[in-house]
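Each of the next two complexes has chain A plus one other chain: chain B in the first, chain C in the second.
Let's turn to the complex of A and B:
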């Protein structure tokens, strides 16, 4: 038995090691190839010669604007729907089950489908054209199912006794939600938010058709703006000799995702701590 | 803390978004969509044009030649971009050639084959020849790299070799040139076809590919497409794109400019 146990342990270690190795390889490849390109100038200049030279400043700005547009839409809609699903409806009703099924299907739909939808609906039907707004709204559609499902799972994990205790203390539903349930679920909400932000920043297919290809500084969210992922794709697949700048941009994208992740989890921990200390 | 910083961000965002309404759309804006081959070139031309015409904005979008033609026809774009000639069903549109691009067959550098006849290429692409030893090479299966539907390189290739896309037995379907080069350089048994300029650049740079000599040159025009005879800003831009002022930009993308047809 000890033999089996030990070999099982070894296999588990090897599996975990392989995953780390693959990840380490990927990151170190991007860091090694991209680091020489990275400089203050690269971050602050406009791209020239189809992006082979110059920087990526307008592209970083566009990426952040697209992400922000998506978040402004996704946060209220996503949290609202999750709260409805978890707290304001009976878990086994047909409506809830259908909604869940639809969300799960949506979470698995390939991004190019969202891209074509965004192109037809936001760019065409709503006449928003190629714009950061169209891109952000398309991303919002992609992010919604992920955020709703993780938030709902977080709320469902709150012990039922807490709700009863809250009701016994005469807390209103809103107070209970705001003071107890949401803080308790905030790690799950953050995780969902980070997952969806990750999906959004990695998005190329959906954005090339909606927020577009223009690499100049956007004047407003009605302008077309190129996202970092689109820029990386174009440089590595379409521009002859664009590989170095492509690696540089990829490194910036990874750093951006790391920074967003760190700040989001810090914020959520901070919020949770504040709520708990108030409860004491 | 969280709600305050969120409110601040939201306010900033709304102020920024609000400026959008003030920004009026005049006839100082051009939208170009289409060929991913032409897009980087058109983008650079547009930047130079904007510099000499203050206030003008030219938005270049990509998506493939077919989309460029469709968008020019439906009016979603002022000018479409296509890396091929217009075909018969599109003869109601106007095309304006701005440069040329050649196509070359490429193999992995480790492949000892140095030339293939047109018939051999036809047989390889239709799956009648599946191993390199059948054309005098080593025993190694052939990986046929084909372009995706709607790509003008594909249409030119099919036209040149008299093939039908439905008869092609492809192992890999690719989109852009660089993707084709990457696929062939990473696979010793692969054969593909891409832009000559891109292939020559990558070969010179040390990427393990080689260009096969062609019996007759395979070249395609890079066109700007308009629905009507162009006027106003569109006409100015097209004339600018055809002028010698942009020759350096065309060479930078490894295309052949109109002014100097032989490179």
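Let's turn to the complex of A and C:
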């Protein structure tokens, strides 16, 4: 028995070690190769010679604009739908179960399909053209199912006891939602949000079709703009001698995701602390 | 445990420190022909009884006979249970609570409820009490303070928590949490407290403290308490209602003053149950 336990433990350790190793290798590769490129100039200059030289300023701006556009749409719609699903819909109704199923399927749909849809619908049908707006809206479609399902799961994990307590005190569901349920579920909601932001910042396929790959500075969200992931893809696949800039951009992308993660968790932690007192 | 309450005359509470004594049984709830079903399956039927003002009424009976279902009908918490349907009449303070004109939220402030598992919100002790107050329009700071003080005093929690009102309610012990939940209901100044096995999740000492507190609240409040602890029912209740299940439908078998119900039950089922032969 002890033998089995021991060997099992060793196997687990090896597995975890392998994963860490692969991840560490990947990150250190990007850091080592990208770090020499990283400078104030790289961050603040326009790209020249198809991105081989110069910087990535317009690309950072486009990326952030696309992300902002997506978030402006996703946050209210996603939280609203999740709250409806978790708190106000009747759990067993056919409509609700179908909605859930569709969301789960959508969360797994390859991004290229969203890209084609965005191209046909936002660029074509709504006549928004290749633009940051089209790209952001397409990303929003991709992020929505993830955010809705994680938020819903977060709310569903809040003990039913508090809903009963609130109702028995004659409190409105809205008060209970804002004062107890949402703050308590906020770590789960933040995790879902970060997961969907992760999916969005990594996105290339869907954005090539919708926000395009013009690497100039966008003048408004109706302009085409190149996202960082698209830039990295272009540099490494289409531009001979773009490796260095590509690694530099990848490093910037990673740093960006880290910063977004840290600030989102800090914000939600802050809100949680303010509203909820957990066991001290 | 007995703090001078006279149990001899069941509906006389004897020495009560505060509030009106209830020497004449005045109906507070009049329940007529109540039935509860879940997903069209009847679990409780044909319950008629009167709950008297200021008295403690204990609901006893085996598991699954519909005691909790009965209780949740009284503050219409059954509204939020999926598939639950309630029929019959419940007249509370002169109004049928199933009337369309009834304000359910106002009803629930008058009829407070305590659950088996203490369920304070994951907020500070103070916030737990503040939240329902603010929800019902009390904004004045000093008024809130004095109400918090009163509520904590009446559950005997003030001295224990007065220095740590800001800390999490979840850091309290089970018994303290349950008393906080009672304080949270009391702060809305209800006239009735519904208690669904309020002591059964607590250790014997906390349970004793809560029980003693419930006895102190009698007279000021009408209390309906579900308990599996027959000794407890006997100790604290003025009236008792015995439920039993026949063919999977709960029925009220016997209702009356507590002591006669235990000592000379009219029904053979009651006799068997209170003597511990059945259930």
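Following the convention adopted for this analysis, the second predicted complex is superposed on the first by the 276 of 280 C-alpha atoms of A that agree within 3 Å, B and C clash if a C-alpha of one lies under 4 Å from a C-alpha of the other, contacts with A are read in each partner's own complex, and residues count from 1 in each chain.
Please note the rule applied: a contact is a pair of C-beta atoms (placed from the backbone, for glycine too) under 8 Å apart; a residue touches a chain by one contact, two chains touch by 3 or more.
None of the values given here were measured: they were computed from a predicted structure.
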item: Chain touching more of chain A, residue-wise (chain B, chain C); value: B
item: Touched partner set for A:238, first chain B, second chain C, both or neither; value: first
item: Partner chain(s) touched by A:90 [first = chain B, second = chain C, both, neither]; value: second
item: Chain B versus chain C as contact partner of A:1, first or second or both or neither; value: neither
item: Which superposed partner A:169 touches (first chain B, second chain C, both, neither); value: second
item: Touching partner for A:208 - first (chain B), second (chain C), both, neither; value: first
item: Touched partner set for A:275, first chain B, second chain C, both or neither; value: second
item: Touching partner for A:180 - first (chain B), second (chain C), both, neither; value: second
item: Interfacial residue positions of chain B with respect to chain A in the complex; value: 1-2, 5, 9-10, 13, 16-17, 19-20, 23, 31, 36-37, 39-41, 43-44, 47, 59-63, 76, 175-179, 195, 197-198, 201-202, 205, 252-254
item: Residue ranges of chain A touching chain C (in the complex, touch as defined); value: 90-92, 159, 161-172, 175, 179-180, 184, 275-280
item: Chain C residues touching chain A - in the complex, by the definition given at the top; value: 75, 77, 80, 82, 104-109, 112-113, 115, 117, 119-124, 127, 131-132, 135-136, 166-171, 181, 184-185, 188
item: Contact footprint of chain B on chain A as seen in their complex; value: 49-51, 65, 68-69, 72, 124, 129-130, 133, 208-209, 212-216, 219-224, 234, 236-242, 267, 270-271, 274
